[in-house]
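Note that the chains are named A, B, C and D in the order they appear, and that numbering of residues resets to 1 at the start of each chain.
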Amino acid sequence: MVDLGVDLGGLTLANPVMPASGTFAEGLDKAIDLDLLGALVIKTITRQRRTGNPVPRVCETPEGMLNSIGIPCEGMAYFHGTILPAYARFSPPLVVSISAPTVDGFADLAAEVTRPGVAAVEANISCPNLEEDGKAFALEARPTERAVAAVRGATGLPLWVKLSPNVTDIAEIARAAEAAGADALVVANTFLAMAIDVETRRPRLGAVTGGLSGPAIRPVVVRMVHQCHRAVEIPVIGCGGILTAADALEYVLAGASAVQVGTATFLHPTAMTAVLDGIAQYCMRHGVRTFTDLIGDLRTGEIDATDLEWAEPTA
Amino acid sequence: MVDLGVDLGGLTLANPVMPASGTFAEGLDKAIDLDLLGALVIKTITRQRRTGNPVPRVCETPEGMLNSIGIPCEGMAYFHGTILPAYARFSPPLVVSISAPTVDGFADLAAEVTRPGVAAVEANISCPNLEEDGKAFALEARPTERAVAAVRGATGLPLWVKLSPNVTDIAEIARAAEAAGADALVVANTFLAMAIDVETRRPRLGAVTGGLSGPAIRPVVVRMVHQCHRAVEIPVIGCGGILTAADALEYVLAGASAVQVGTATFLHPTAMTAVLDGIAQYCMRHGVRTFTDLIGDLRTGEIDATDLEWAEPTA
Amino acid sequence: MVQAMLSTDRADDRAQATGIPPATGKPAAEGACEVLSNARSNAEYLHLVLAAAPPLTAVRAGQFFQLRCPGGGPNAPFFRRPMSVYACDADRGRVEFLYKVHGVGTRGLAGLTPGDRLDLFGPLGVGFTLADGWRSIVVVGRGVGLATLAPLAELARGRGIGVSAVLSARAPELLMSVERFEEIGARVFTVTDSQRTSGPARVERLIRGLIAEGKADALFTCGSNRLLEMLQRLGRERGIPGQVALEQQMACGLGMCFCCVREFRIDGALAHRRVCWDGPVFDLQEALSW
Amino acid sequence: MVQAMLSTDRADDRAQATGIPPATGKPAAEGACEVLSNARSNAEYLHLVLAAAPPLTAVRAGQFFQLRCPGGGPNAPFFRRPMSVYACDADRGRVEFLYKVHGVGTRGLAGLTPGDRLDLFGPLGVGFTLADGWRSIVVVGRGVGLATLAPLAELARGRGIGVSAVLSARAPELLMSVERFEEIGARVFTVTDSQRTSGPARVERLIRGLIAEGKADALFTCGSNRLLEMLQRLGRERGIPGQVALEQQMACGLGMCFCCVREFRIDGALAHRRVCWDGPVFDLQEALSW
């Protein structure tokens, strides 16, 4: 038996596989047993009611997708009255993703979701879709620090901070979030992108730009997870383009303590449980008894003969 | 007949299609007629002789590739004695990409390549592979300005500056390059990335990290070209993941005056001439007589009925 | 002959449309199904028949599947494609689709040959509801919209409810599913553009006739904006209930991504609903034409 | 029967190996070729025969093509795959490859069936050279390496040069191309691991015998590091020239990307060369074992 448990900044998960915010809802229990997952992370909420962006809200790109869903939100009464109770019947810890246009707004919302039934808060300071003003907090170290500190002050729950990949130096932002009290980092949100229908000369998204996710982005985010892992002491949760167990393990070897699976669930609703099974199988095949032994176990020494085997396949 | 000519910061090209630096050499004339291209951009050179990075130097990713070629370089004598003469027999303007580890080094090299036969200088201030210290000039505005100003002072040739996509605010860097005297911008170089072979737990590249290119990155770079086009007056050359004429036209509508094709040539050696043909055909089909009319012609107004046709395909 | 194996959606499913998460989930499964045939129905439509086993065959009228359409390269269909079930026979283990080639995904479908495998995910969504007491219904559809309506007609006939089916097309040779509806036991009316019988005014006159005959306890439609508006008007005027099946681009098909929203007028106020989760079948009057 | 349609590389091509760009380019073309057959040769190797037209059939011994292997999804082979020409017949319009399934690209190749199309790009690279005056040569190869050496043997025989071919494998049933070499008119020696005849010492003794017989004006090999080292030693000791075909991962195949470099000892100094452009055939002594 492999021990798949992992401690994520004060919250212990039975295993390291969970959904990425905004790509999951309880409807997925039609397809998989949600109780198998390490945690349940729900779509980012805001205090304000919002309708989100105009359609089309998604489009396809090479091995990826763009979304400009925005954060449609039914408001707090709906959150407390409908969303929270809907998850009561599932056993994995519930992680609530929050977003706000101001530092105070972050603090207020963090306080408001600090309720029984909520196991951790994920501060989405990186969503590029918010209509407010423009730049997300996560694009620079100082605003990151302020937003994270505000949330930290408002809740005693484990605090995960989700970073944006649209930055020059993700390690610097990671350190700022850690310094301000984050218990774990989620790396990363989507890449700001756009696509154009050349026949109509119009943007393919109603909101013109949106976030790129899916396998296409994985190599860039794996690099960022590796940098964050080396920059901070707190655990890093890898997120971006994970489709298979091998993809998830790439993140783990680069330094992730757990992974979030987003877009893949749209393509294969059973993606998360398949990733989980595959990780367990990998551990057995490689004689790994404790999953956490794999975290950051990237080997960068001199390349030895076996690695060059492909250069002499017929020998 | 469509007029495909375009003026790029003082250099007039017969058409807007050219190779991306480092993905082209004169050997391609085995496969296509190089005289059909708008310009010939050669692999970045440095003054120092360098051997480049350890193998493996490339690997495959979803709809993309990583490279850690580095800038292997045979030195200046070889450049003047062998490379320059080899291109003398081709008619398109020759653009020489240069890189250096210091501001003075950039100036010296720019002066040294300002020779008959060289039509423009492309300053590669964004290559993430240089061994020197680390951060490339292109990651921040001030170093960008300094490097560009040095090159500007050292050569009277049209000066193209190639930006890095690994930045928070590409428009800011674009403005810095423009202010320092760039005649055109190339947007963009590769995304710093990594990939791991989970069976061996080793990086797939000998140099651990490398640059992501190919279709996967296109939506992010199109967004950056759009931002740069709105931020500066000088022409922008789009580069990243162009495989077909439609991809190239996406860049043009987003604001690019010309395009560079890189990775696609590895997959289809005839990619550049196919892109060129496709652009001409598009212009004819859409009644566009002057290619330059398409630059930045993205339509973002209210969506009208025809765009919603897919919502009622059977009507 | 296709046997009726479709059931209706119960009221507790309908409750999902209010946004309240369902207390129990009916399973939706992912499965690779063998292609039994994939033949052209006419110049525009293809008919795909797959071998399928439970739970894939536990389909209710109006539900859909998300199909993983074949294709490779940078323009491969990345998302699944939503497709209404045209027929389903749990006993014989068959699921059928009727589709039109539109873009890269449906082009991939058209390339399937018997023996190939296609990955289905479903059945998904909230289907049609037949109220107790309805004796006759009218279904009005055009093109592939008829794929969605055929299982409804079949379900109604199975319960002894009379079905008048108004089938519309550009030209007689493009009329779809006439035999399927006749086999089901529907009274079929065909209208076409080329015969100038398909305009809203003509169709309205036809339906007013059916209402007058007492054959229209409820109105059902799918796909066409003009038909929707006309039926809404008739429904309001004559107090006849109805339902409409809507389409919208979908990524997840499970209510998770919120890309498939449309606006509805619910109790007088505008509200967003997810077509994949709260629908694709909605109350005729709540839907907004577009 | 495969007819000899291969020529040698001329000295002006060899000059490319010095890094000086060639004055004239021999064309390389991209073309979709029909698969005529793709059959298993033995438990490990497949033999792919394609219909091809000029300039694709203007192949010289030792040259290779870049194959766009079929496959879809996120693990599709993104790069082309380099593959030596095993046989080429311009008159009949055939290009043939011999390959081993190794990873995703060659697995895609193995799925090809007659009538499918495969996109080839080539022919590429600098092939083998036969010097005037050579009367007999020795070729030593193992596994798919023999694919590269067969056209050389054919070319030599076509010029009346005697060929001794030492074919190596793990076991007799895995021996490749024995008939092809016999048909060509080579004197074939088979050595295998299971018979304990393939060790470097045994092979060395065999070749020393051929040298003693005066049958070794030049030595050629491909693929195995141990064979390379042994032949280099013999060559140096006895002053016998030779050539080796090398492999390296390739993206462009045209000398553009510099991913396929290897180190060579040229005039005593270490230097990088691109296997796709300066090779894949190199001077036996300049190559470094790895």
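We take it that contacts are C-beta pairs under 8 Å (C-beta built on N, C-alpha and C of every residue); 3 or more make two chains touch, one makes a residue touch a chain.
Treat the numbers as computed from the prediction; the structure is a model and nothing was measured.
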Please state, in steps, how far chain D lies from chain A along the shortest route of touching chains. 1
Farthest from chain A by Cα centre, which chain is it? Let me know. D
Between A-C and B-C, more contacting C-beta pairs sit at A-C
Averaging only over C-alpha atoms, locate the centres of chain B and chain D and give their separation in whole Å. 36
Between chain B and chain C, what distance separates the C-alpha centroids? Give it in angstrom. 48
Rounded Å distance between chain A and chain B, as computed from the means of their C-alpha atoms: 32
Each of the following residues of chain B touches two or more other chains, namely 61-64, 214-215
Give the residues of chain C touching no fewer than two other chains, as numbers and ranges. 74, 248-249
Looking at which chains touch which, would you call it a line, ring, star, complete or other? complete
Provide the residue numbers of chain D that touch chain A in the complex, in ascending order. 74, 100, 102-103, 142-145, 223-226, 247-249, 290
For the chain A and chain B complex, residues of the former touching the latter: 54, 61-64, 66, 139-140, 166-169, 191-196, 198, 200-203, 206, 208-209, 212, 214-220, 222-223, 226, 241, 246, 249-250, 253-254, 282, 297-300, 303, 306-307
Interface with chain C, chain B side, in the complex: residues 63, 215, 243, 308, 310-315
What does chain B use to touch chain D in their complex? 22-31, 43, 51-52, 55-58, 60-65, 67, 69, 72, 74, 78, 82-83, 86, 214, 265-270
Taking the complex as given, what residues does chain D use to touch chain C? 70-73, 76
